[in-house]
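What follows is a pair of complexes built around chain A, which joins chain B in one and chain C in the other.
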Partner chain A sequence: MLNMAGVGFRMWAKALAKGRSSGLSALLSGCRAASGVSKGSLPGPYPKTPEERAAAAKKYNLTVQDYEPYPDNGEGFGDYPKLPDRSQQERDPWYQWDHPDLRRNWAEPMHWDFDMFIRNRVDTSPSPVPWSTMCKHLFGFIGFMLFMFYVGAKFPCYQPVAPKQYPYNDLYLERGGDPEKQPEEIKHYEI
Partner chain B sequence: MADFSISKHGAMGAHLVRRYITERDTEPDPAKKYEFDPNFGFGERKEREMIATQEQMNLAQLPLEQRDYCAHYLLKLMKCKRDYWPNFLACKHERHDWDYCEHQDYVMRMKEYERERRLQLRKKRIEEKAEAA
Partner chain C sequence: MADYREAPLATRPKTLDPNEYFNLSPEQRRLEESRMALRANLKRQYQIELNNPHRKELIEDPALTRWVYARANPYPNFRVTKKTSLLGAICGVVPLFVMYYVFKTDRDNKEAKIKAGTLKRKFSLLS
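Take a look at the complex of A and B:
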């Protein structure tokens, strides 16, 4: 595991201190940044014994009662905890979170779909009006509008005027009529 | 039978009420062709005169909707606008002439509709009389 920033610093420090070129050993040893994963903190296989469960709960910063792993049915979750499917938007906006945008504290166990439940994305907060009411209002309105469009098509509105009269046999030639054929004579009169 | 009572006050849209509710069989249908002979009821009927020729309208590239019986006024207006551009206020007289011609055309359309409607009512009266007899 190579951390380039740590390696670079260390090489510079050593070169300054000793005044001779650092060898391969310096590159390989390197120093470790605090952002790396610590030993034993990665997820592991599904816990089968109570001791394994307790160890997994401690690893994920959960109490043993709260710790509930995903069911072991071959989906590959291992011992990752099953947290409730609640989006970050539902959390208290006034509490002083460590990460205010994510509404999460340091070392808090992350949901499997945490990147989905951020505030910019999926939101599970309750709607202000019951879902059934919202559905009724929306589909009622859409249904009413469709019905009115249908009625409007069946009984169209129009002005009480006769069709407009055009000269030259209703513009026979202009509308692409055959110049060889003689069109029917259409006469218009004044009224 | 049309009832000449106070309840017959019609505003805009009265023709729609007649067409769809009260007099469904006599009110003219805009989709259907008018069925009465144009000369019926007239002694001598004057034909509408078309002044602009087809060639003139073609050269001016008028759209089809504007090639009506007022096209000669429109051609005059277009020439005036072309000659007096950029003074867009210059052709009021020509524009008014064209507008008035279009207005008269629209009034004629209204009269044609009304004529058709009255002939339909008359036809219905005659039929009812024949049935009653």
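Take a look at the complex of A and C:
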């Protein structure tokens, strides 16, 4: 850090001594640090000539035959390579990856949807039964159950019920009937 | 290994793909070699930086930088075409109108019910 301060001071002193441009523009022009991303290593526009394709393949650490950019229909991909849509779960679990949880090596070109294909999320590994069969089974079952519940709600089927029957002429005295008067006889049976 | 069967729910490893061993032309083998050379070079670079005792900072991954940059800056590569404008209209313009109509009719029906006194507040905790 002290070294960098010395360099900065020296640049400032040199710019002042040269005196060609004033103040801030003198310090901004000239050299910059060599650390960080260089200009040619960031993604750019769609490659049109074979030389551009070769340069883009080299930039992304792919062979020229493997490098296939997304089709150029203005959707914002530029020269980013189109890698096969395989999730990270499909990769060999026993190989010594540089990042074992992501199953990826350092500086390996990342899929555009890499954050979708991590092992916690979308998985493209083969299913035990064909996908169509699985869909048919699941939605068939759910559809059948929904249909049966609907039919059951439309045509309910329950045990036969009747109003509750009370003894002693429907509890005439308990319900506050006159003890002198003779209540009407209520028969709850039929012979 | 001739009778290898891949584990259920897993793809076959590339090294056990029968196409790798039979009917391979020299060009394909050379292509595979160049791929492996690239990969080995990157692995070597990573191991050197990883085991460097004087390194104090994180090892910067250029592929990650490029990925982040590409995902965050699609605008220079964007062009107005039929497909992009259609997508933009579907995702940006249509929902506004649809939601306006949906909410407006729903709220108007609710207001009419309140005025007529037929609104049933099923989950109201106040009464």
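The criterion applied here is as follows: the second predicted complex is superposed on the first by the 99 of 191 C-alpha atoms of A that agree within 3 Å, B and C clash if a C-alpha of one lies under 4 Å from a C-alpha of the other, contacts with A are read in each partner's own complex, and residues count from 1 in each chain.
Criterion: a contact is a pair of C-beta atoms (placed from the backbone, for glycine too) under 8 Å apart; a residue touches a chain by one contact, two chains touch by 3 or more.
What you see is a predicted model; the values in this text were computed from it and never measured.
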| item | value |
| --- | --- |
| Touched partner set for A:65, first chain B, second chain C, both or neither | second |
| Partner chain(s) touched by A:97 [first = chain B, second = chain C, both, neither] | neither |
| Partner chain in contact with A:45 - chain B first, chain C second, else both or neither | second |
| Partner chain(s) touched by A:172 [first = chain B, second = chain C, both, neither] | neither |
| Partner with the higher number of touched chain A residues, chain C or chain B | C |
| Partner chain C, residues of chain A touching it in the complex | 37, 41-43, 45-46, 59-63, 65-66, 73-78, 80, 86, 90, 92, 98, 105-110, 112, 114, 125-128 |
| Contacting residues of chain A [partner chain B, same complex] | 155, 157-158, 160-168, 171, 173-175, 187-191 |
| Complex interface listing, chain C residues touching chain A | 8-11, 13-14, 31, 34-35, 38-39, 42-43, 45-46, 59, 61-67, 69-71, 73-81, 83-84 |
| Contact set on chain B toward chain A in their complex | 13, 15-16, 20, 28, 30, 34, 38-39, 42, 45-48, 50, 54, 57, 64, 67-69, 105-106, 108-116 |
